[in-house]
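Paired with subunit B in one complex and with subunit C in the other, subunit A is shared by the two complexes that follow.
Right after this comes the complex of A and B.
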């Protein structure tokens, strides 16, 4: 991996040069919150942000998307509009890059998803390091650092951004800027280590994920699931804002006066009563408690069995987006707590 | 194949849903090319008031014997009856205080003569006759009406979102009025399908589309009480559009 540094005052110059590689999108402020948006001017970018309302997932798996159009007797035509649009996501946090790497495994695995893959190929990612706030627990989820999945990744070390070059495209971006980037020296290495150390100490939240799937297995009958079921509003907010929730619903939208139409997908949530409802009327997860339980089990246990790690990256979005304050860290802490049953 | 015969009717309501149909201006010609609208008083002075109908679309709630008789007659001549709008589907605004003493209300509004009026507590259509399909909304969404016509013509029923307004509000990446501003937003318990039109404009959801498919009202109310809203205020807001079974 190539490591270079960019003087901070040259960042805007870099941003203007890099636009030749695609349309620039970055976090911008929206009433005190942040959203990834197309930049109208570089000064709108907010690189010191906590988290965006929606994760970058929306670029690779849009909330709603037409898959193909169909017409009886003619078959179907895939909807490919916009799939090859070149975009640069500037300022993606490590946890969100990690989440995209997780989505890669899902959408490039057993059932490759051409829509996702096309977008992933055409959207560049320039990551940026961040400081944890009260909802961040990415370090516990091993997602506070990424070594792949980005084209460039910037670390703020005071007067410079140190840049990890992740791909050939990232390298092209560096080369296109001429001599903006400089080699790192011993002082820079110390600056990086200092930053790494400081970040590590800044976390206010911590969870232990070692043996967590086993504890989930043991606590399958825990009363906590009923309690959460009574609290959960099934509003789906946690799934919408989750960088690794990838469930979608597929429906045909028939045209007026014909049997032709379009097939589209939209984000779904396992918290919805309709999620596990099948054609016979059977619902495999009817009660709300079984639905929220499923969400936790899939993230923290099922995904580990399938992919070797939890699908949660500790971004804290579900904690800040839940209207009734359901908090994944508190749930895990409670599951881990010794009940002291013997002394009862 | 002959075009299906259709009737569009209004009981007690604001006629807003029928207006939405008339407002499908760029699609109206397509629609009338596919269906034979025989009875639609709001749009035509010449109607066939007795013919059998393949599809009847009925807006408004039942608020009188006259409404109930009219609805039963429509049901009798129709193969498929569609409840159009939140009043028809849930009772709507008129059903807000239907537990109250009707005679007292009539007297309060109209004076003594009110007692002679044909007036009954508001009922949703399904409380009076069998309803085959409901399209909620105050008013309904144009696209939902067109989707219903398109699906019914194919012998199918349209699918509408059962998830709440929050889902679409999050998809649109709006700031949360409930969490960030502590406003009384009914998004979590109200049926989606409106693309969170109001919260998108920073206006809290009043619940005009009626309850979502799966609502957790006790938890919703407890959360709002914690924010400092009193129970009565909440009950009034919740009862504006939702039937008492859902919002007690």
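Right after this comes the complex of A and C.
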């Protein structure tokens, strides 16, 4: 992969040049937390953020999205507005890029989702380095580094950002800046390695995922699921903030006083009581315990069977979002019967 | 009326859109049983009507414009193309809206989806179809497929049970099969108040007394409410059926039909992609399947 470096003080300049490739969006501060938002000025960007409330999936799978408009005599006409809007997501963490790579696989396959694909094609991603906080366990989930899925990725090596160039578009962005970027030499690579070493040591949270399929297979009847069911409020917060939760509901909305309308999809959660409810009244996952169990099994076990790895990337959002303190790391640890959790 | 082909031309960004419903006209509404009508559809696009092919056991996503979309199994056989027959029970919001529609009204159809019955595996074997109640809807596709390719199968047995004669789906056409000698068509009702029923009376499993089944050379396709599965599956196991020769058709909530929306997942599988036809072995090995 092409590696370059950018003096830190030139980042502003880079940001102003890169806007010719699309509307600039980045994390900005909102009530003490961070959200990905369109930048009104570069100084609003907060590149040293912990995590955004919602992951970047909102750009590729919007919380609400019209799929079709329907009019009598016209049928279902796809709604394509905004699908080809050029956006640059500046400042995406490695775990979130990894999550988008996972969504890429879900929305491809035998029936590629054209809405997702169109957005993915038109939205550029510029990744940025980060430091783990107390909820981060991306390294455990093998998502602390991404080798694809971004156009450019900036690593903080002190005076410079080292830039991994991931795509031809990323390369064009570099070229558009003229001579802002410099080549790297052996010393720079050593700086990079040092940065990686320091980052790895900074993780406070660790979870061993190697035997997850085996453990989950054995613990299907564990009493832990009933306990979690008692505790869980079925609020769905964990699904909403999860960068790889993709369940959606579809509903037709009729315009008042006419027979025209639109078909739209919106984020859904397997923790909601209606998720597996069918018209006859039968609910295949009625009890709350069965729903939270399903969420854990689908993420940590089912995905391994289907895609070769858990869909969790260790971003820590569900831990910080859960109103009753359900903690995925603690659940996995307990399933594993790890006694010594005091070291955290 | 914009046809899907024209829509694709106008919206090249979404030219291959798996969510695009194709318009279809209701050509017949047959009031088979109260709240279980048979809707016959034909695609508005003539080339689609001719080209559409499904496997027995597959389903389509049916749109009632302005109300919603739902998965419905195809009751007609691919050996009788050009129209689609859907047996729909009036049970929810979208089916209620469908029941308010009339002949020549337009609905949306996309599909077919799901795996369908493994026809290549079944061919050359005996075939046992066992259905209770509405379970006849997906099996009817398989039934006519087998009868229309009769030389590809050995013995064919149908066991179908309904509560009363008036509740029997496809009653006239199934009664017409009773006299045929190339199929052992066994029909039973739990009770007959009318006194006109000439076939069996008794619960579905009693039909096993009238059938000759060789479990090692038979595929059994079972469909019905939970009580049917409960008694028929046990009976088949008692007979010595290998669990991968018992085929079940499952239903789940579905919003997309193409493995994205997440609702139909059972354990680690999507009913819409890896199902809706599962072997009994799959069933007992997937959490929450039954």
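By definition in this document, the second predicted complex is superposed on the first by the 337 of 344 C-alpha atoms of A that agree within 3 Å, B and C clash if a C-alpha of one lies under 4 Å from a C-alpha of the other, contacts with A are read in each partner's own complex, and residues count from 1 in each chain.
The criterion applied here is as follows: a contact is a pair of C-beta atoms (placed from the backbone, for glycine too) under 8 Å apart; a residue touches a chain by one contact, two chains touch by 3 or more.
Quick caveat: nothing in here was measured; it's all calculated off a predicted structure.
Chemist: Counting residues of subunit A in contact, which comes out ahead: subunit B or subunit C?
Modeler: Of subunit B and subunit C, the partner in contact with more residues of subunit A is C.
Chemist: May I ask you to decide whether A:321 touches subunit B, subunit C, both, or neither, giving the answer as first, second, both or neither?
Modeler: A:321 sits against subunit B, while subunit C stays out of touch.
Chemist: Looking at the overlay, what does A:73 touch: subunit B (first), subunit C (second), both, or neither?
Modeler: Touch partner of A:73: subunit C, not subunit B.
Chemist: In the overlaid three-chain picture, which partner chain does A:254 touch, first (subunit B) or second (subunit C), both, or neither?
Modeler: The answer is both, since A:254 touches subunit B and subunit C.
Chemist: Classify the contacts of A:107 with the two partner chains as first (subunit B alone), second (subunit C alone), both, or neither.
Modeler: The answer is second: A:107 touches subunit C but not subunit B.
Chemist: Please indicate which partner A:267 is in contact with in the superposed arrangement: first for subunit B, second for subunit C, both, or neither.
Modeler: A:267 sits against subunit B, while subunit C stays out of touch.
Chemist: With both complexes superposed on chain A, which partner does A:32 reach: first (subunit B), second (subunit C), both or neither?
Modeler: Once the two structures are laid over each other on A, A:32 reaches subunit B alone.
Chemist: Pick out the shared contact residues on subunit A: the ones touching subunit B in one complex and subunit C in the other.
Modeler: 251, 254, 259
Chemist: Considering only the defined contacts, which subunit A positions touch subunit B in the complex?
Modeler: Its residues touching subunit B are 30-33, 35, 53-54, 58, 63-64, 230-237, 240-241, 251, 253-257, 259, 266-267, 269, 272-274, 288, 320-321, 323-325.
Chemist: Give every residue of subunit C touching subunit A within the complex, in rising order.
Modeler: Going through subunit C, the ones touching subunit A are 1-4, 7, 10-11, 13-21, 23, 63, 65-70, 91-95, 106, 108, 251-253, 255-256, 258-263, 265-268, 273, 287-288.
Chemist: Which positions of subunit A touch subunit C when the two form their complex?
Modeler: Residues of subunit A touching subunit C: 67-68, 70, 72-78, 80, 83-84, 106-107, 109-115, 118, 220, 246-252, 254, 259-261, 263, 265, 268, 270, 275-280, 284-285, 290, 294, 297-298, 301-302, 305-306.
Chemist: Of all residues in subunit B, which touch subunit A in the complex?
Modeler: Spelled out, the residues of subunit B in touch with subunit A are 27, 30-31, 33-34, 146-147, 149-151, 153-154, 156, 159, 162-164, 166-167, 170-171, 173-176, 178-180, 187-189, 212-216, 218-220, 223.
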